[in-house]
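Read through the structures below before going on.
Two complexes come next, and they have one chain in common, chain A, joined by chain B in the first and chain C in the second.
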Partner chain A sequence: MNDFLAQIPIFLVFIPVVFSIIIYLFKAKWTTYLSFVSQVLLLIAFFAYLSFWRLHPGDHLLVFGGWSERIGISFFHDGLSLTFSFLAIFIFSVILMYLFKFRRKDHKFFFFFLFLEGIFLGMIQTNDLFNMFVFLELTTVLVTVLISYQKSGPSFQAGIYYLLLNTVGALFFLIGIVFLYNVFGTINIRVLQELIGTQGDRTVVKFAYVIMMSGISVKAALFPLFTWLPKAHGVAQSGISALLSGLVVKGALYVLIRMERFLFVEAGFHMNELFFWIGVVTAIVGVTFAISQKDMKQILAYHTVSQVGIMMMGISQIGLTPFYGGVLHIINHALFKSLLFLGAGILIKHYQTKKVYEIKGALKTFPIVAVMLIIAMLSISGAPLFNGFVSKSMIKYAVKGNFIKEALFFLINLGTVTSFIKFSSVLFGPKAILVKEKNPLQIISIIVLGLSCLGIGLFYQVIASSIFGITISTNLWEISHFLDYGLFLVIGFLFYRFVVKKDYLPFQKIRHFKLTFESANYMFVVYLLVVLGVVFL
Partner chain B sequence: MIRRVSLVVMLVIIFGFFVFSILDLEAFFSTFGKDYFFENGLSETGSVNLVTGIYLDYRLFDSLFEAGLLIAAVSGVTWISQHEITEKNATFMLDRQSTPTLFVTFSRLVYPFMLMFGIYVILFGHVSPGGGFQGGAIVATAILILYYIDVQKATSIDKILTIEKILFLTIIGVGSISFFTKGTFFTNPFDLSASEQVKAIYLITLNALIGIKVALGLVAIFTAFLKEGR
Partner chain C sequence: MSPILTIIVILVGLYGLATSKNIIKSVFCVTIIESGLILLFLNLGNLEGGSIPILSGLVENIVDPIPQALMITTIVIGSTITALALMLCIKIFHHFGSIEWKEVLGREE
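Let's look at the complex of A and B:
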């Protein structure tokens, strides 16, 4: 029995893949309902494995084919990978509920959607660098198809832009793998971790590190490589946007963590500062763009960029409190950003527009959706009692004691609050007269997300200790937190009222700023050179 | 102009770092993987062609998803290039006037040999250079020559895609048989001490399945592009 339980990670990959093909092959009416069966089976398999893991805690290694670890492909499980696996299954289930009514008769869509789920779960679990590359490529191809699923001109453009830019990144990742294999004769991450520890200070290893990190940075949408993200969000459907922001970007961050925290951790490159500053710049640039946008989805898309920056600020501090804060922020962001996209999607669909200033009165017209959006906005701007607060205050440890860093962190928070005050203008105003579509599954999906935001915000101590085994000593009910947040709101509102709303020329300039594919590649070369310089000099 | 110059300068610097790092490789490398495959490859996988041994046995899991990559790409391309107009053949692309008779004649001559060569590469992938992926590409090329020979030929992409997906499921199934015989996924189901001939059964089956799948996938992509390039 234990033998079988240990093999469950394989099923986590193949259940959705096999179901996706079955749905594609049998084009009867009822087959799309099988996608729910697949989700239920996945959850059962996951919890069976989780209970097995609880009995035998620690690092689980599953080598395929019974070969030695250095030769064969293996899956690897620790607390982090299990958390991400559950997050992936959860977000996919919620988005499936959201999309289901609209896509009920579209078998091909379910094929791409479920196939992506299986691939994503594989990418999280794998312990083999080349296998990771294969999964990265597959996600790129599948996400491209999902982005350009509308089959219109702009969506093709955005899809190809995404495909090409991410392929460039993935190829650099591959070159890095070639180097490592040549040097160490294996591509197993755990084995490599030990080997790099003994002889890491070699130029080849450093070069491999640089190009692998740069390659994966494209997928993680770090500055200045994030340009594909707003383009893709501009054309993708809301459900797909939620998937992209909520999960696919997080997959790249997860790979980054695996590289930084596991593969190269023993080499002692000490790149904490570099990635911290990349995170800061990403956050500031993202939030500046977000403030200037008028399109609802573009605001949210640029916010993903800025939040990725905040996560990087946390993740870069390996092994310290901010690192766990960063990981927790990844989870929280997956929840509230999907919620924002899904809620915005419902509004966009009914109001038939994406413009923030043209949508009015959501609070009276769609009370449930509006309440959930408020929860998400409070979470993302870091209000106490909501989940964003906990992770942000953990990341704050990274800036303590340094005045410039503290000021920058303050600015980022202020920008976030301001742009969501702008976003919240959709809530107020008179009731709009619209034809409402009944879709209980959609409502359930956003309520589930909203409740989980609240749940993590209130019970973060239990969650943090069960995932990371650490205790957080923040007191939620301290009055100063609320005062701080109130201050942010006031300054943010003033800033919005007297600066942002006037729509001065710089904002218009920023709003219409577009980066061509050529420039994006140029930026990639610059980025590569900067990382090279910092690592080698 | 400044941008181009600066780009060239930066690329030269990166290339310099690259060369500088490569120099390190002369003294600092490991032949662990190579040695292992040379010593144990034949006895463990039963494949004389070690590449086949690696992709059908040691790293079968990767090969499954490389096949999966092809499936995703083919489905994506056909989905994107699907049009409302139903055209069953490629007449709009090639008509008899523009295809020289000499070319058609030679295509007819070459066709059977190419097909046979492709099938040979697939089936003998475990003893000589080749395998499912390579042979599949050759077979696909042979089939595509048919477009020159018979312009009226109709190909139903949907049918091809269906067969391709069934084949993918079959490949996963064949790969999983070893769980029931050995208790571990994705390896040769026959015992490690079995003779080469017995192990070859598994290798040939998988190579053939992968070969057909790859050939169908490439034909489907090409047909989709033909319809697109109207």
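Let's look at the complex of A and C:
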């Protein structure tokens, strides 16, 4: 029995893949319902493995094919990978519920969707660098297909932009792997982790580090490499946008954590400051772009960029509290950003427009959706009692005592609040007369996301101690936090009312700013050189 | 061919990506980077005068088999990417009547 339980990581990859193939091959009416069966099986398999993992501390590694660990491909689970696996299964299930009615007869779509889930779970579990590259590339291919799924001009345009830029990133990741193999003769992450501090040619290892981190930064959408993200996430259908923003970007961040904090930690490059500042710049640039947008999905997409910056600020830190804050922010962002995209998707579908100023009266027309959107907006802007506040307070430990960093963090928060005050204008106004579609599954999916946002915000102590094994000592429900947030709201509202709404020339300039593909690649080269310079000097 | 030459191939591809204004050229530049990468890894894993890697115990001085196994996978992935990208090029040409980045990205809707 235990032998079987130890093999479960394989099933986490193969259950969705096999089901996707079954759904694609047997095009009967009922086969698409099998996608729900696959999710239930995945959840059962996950919890069975979780209990096994807890009971057998020495048995977390799974090597395929009976090779030694050094040569063979292996899967490895620690707390981080288990958390991400559960997050992936959860988000995929919720988005499946959201999309199901609309896509019921589209077998091809379920093929790509479930296949992506299997590949994503593989990327999280793998302990082999080359395997990780293969999974990264496969997610790129599948996501490209999902972005272009609408078969419209802009979606093809976003698809090719995404595909080529991310392939370049992944290829550079592979070049780094080649160098590491050349030095150490293995590409197993755990073995490399032990070797990397003591052996090998320092220069080559440093070079490999720079190339791998730059390559993965493209996929993680850090400044200045994020240009593909708003295109792709803005163009895709709402369910897919939720999946991309909520989960797929986090996959790249997960790989980044694996590289920075596990693989290269013993090498002692100490690049925390660099990545912290990259995170700050990403957050500020993302927020600036988000404020100037008028398209609902573009606003949300640029907010993904800025939130990725905030996550980077957390996970680049050595201190455990900001690091866990960053990881928790990844989870929280997955919840509230999916919720925002799904809620916005319902509004866009009914109002037939994406323009934020043309949608009015959502609170009266769609009360449940509007309430869930409010929860998500409060979460993303860091209101007390909601989950975004918990992780942001943990990340704040990284900036404590440094005036410039604190001021920048304040600015980022203010920008987020302002642009969501703008976003919230869809809620108010008279009731709109629309043809409503009944779709209970869709409503359930967004309620589940909304409640989990609230749940993490309220029971943060329990969650922090059960996932990360830490206790958050400070009380997050002090009156002063509420007052601070109220102040943010007032300043944000004034800023919105008297600056943003006037739509001055700089905002128009920023809104119409476009980076060509050549310059995006040029930026990549510059980014590579900057990281190279910082690491070697 | 020394590893330095293969790195030059990679840099040529990168230069092409940062300058070419045509989508198909960009696709080819990605392929060039990938070819450079494959050559680089095969070169690093090569052994002058080495023999084939078969576990029989009779041959000595074998070539490292892992780079070759990995690079076959990379070739497969690369061909997938190229095929998908060229398919998208066709679709883009049908929609926009052009495969210049400038005309494709400059247009809304």
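Just so we're on the same page, the second predicted complex is superposed on the first by the 531 of 537 C-alpha atoms of A that agree within 3 Å, B and C clash if a C-alpha of one lies under 4 Å from a C-alpha of the other, contacts with A are read in each partner's own complex, and residues count from 1 in each chain.
The criterion applied here is as follows: a contact is a pair of C-beta atoms (placed from the backbone, for glycine too) under 8 Å apart; a residue touches a chain by one contact, two chains touch by 3 or more.
No experiment lies behind these values; they were computed from the predicted model shown.
Undergrad: For A:482 in the superposed arrangement: first (chain B), second (chain C), both or neither?
TA: It touches nothing on chain B or chain C.
Undergrad: Examine A:178 and indicate which partner it touches, taking first as chain B and second as chain C; both and neither are also allowed.
TA: Touch status of A:178: second partner only.
Undergrad: Figure out whether A:397 sits in contact with chain B (first) or chain C (second), or with both, or with neither.
TA: neither
Undergrad: Looking at the overlay, what does A:168 touch: chain B (first), chain C (second), both, or neither?
TA: second
Undergrad: Would you sort A:517 into first (chain B), second (chain C), both or neither based on which partner it touches?
TA: Touch status of A:517: second partner only.
Undergrad: Regarding the shared-chain residue A:134, is it in contact with chain B (first), chain C (second), both, or neither?
TA: A:134 sits against chain B and chain C alike.
Undergrad: Return first, second, both or neither, reflecting whether A:160 touches chain B, chain C, both chains, or no partner chain.
TA: Second partner only, chain C.
Undergrad: Would you mind checking which one, chain B or chain C, touches more residues on chain A?
TA: It is B that touches the greater number of chain A residues.
Undergrad: For A:277, using the defined touch cut-off, is the partner it touches chain B, chain C, both, or neither? Pick first, second, both or neither.
TA: neither
Undergrad: Do chain B and chain C land on any of the same chain A residues, and which?
TA: 71, 130, 134, 137-138, 141, 144-145, 148, 151, 156, 181-182, 522, 525
Undergrad: For chain B, which residues count as touching chain A in their complex?
TA: Residues 3, 7, 10-11, 13-14, 17-18, 20-25, 28-34, 36, 57-62, 65-66, 68-69, 72-73, 75-76, 79-80, 162, 165-166, 168-169, 172, 178-179, 182-187 of chain B touch chain A in their complex.
Undergrad: Going by the contact rule set out above, which residues of chain A touch chain C in the complex?
TA: Where chain A meets chain C, its residues are 71, 130, 134, 137-138, 140-141, 144-145, 148, 151-154, 156-157, 159-161, 163-164, 167-168, 171, 174-175, 178, 181-182, 514, 516-519, 521-522, 525.
Undergrad: Residue numbers of chain C touching chain A in their complex, please.
TA: These residues of chain C touch chain A: 10, 14, 17-21, 23, 26-27, 30, 33-34, 37, 40-41, 44, 66-67, 70, 73-74, 77, 80-81, 84-85, 88-89, 91-92, 95-96, 101-102, 104-109.
Undergrad: Could you list, by residue number, the parts of chain A that touch chain B in their complex?
TA: Interface residues on chain A, with respect to chain B: 3, 7, 10, 14, 17-18, 21, 24-25, 64-67, 70-73, 108, 111-112, 115, 119, 122, 128, 130-131, 134-135, 137-138, 141-142, 144-145, 148-149, 151, 156, 179, 181-186, 199, 202-204, 206-207, 522, 525-526, 528-529, 532, 536.
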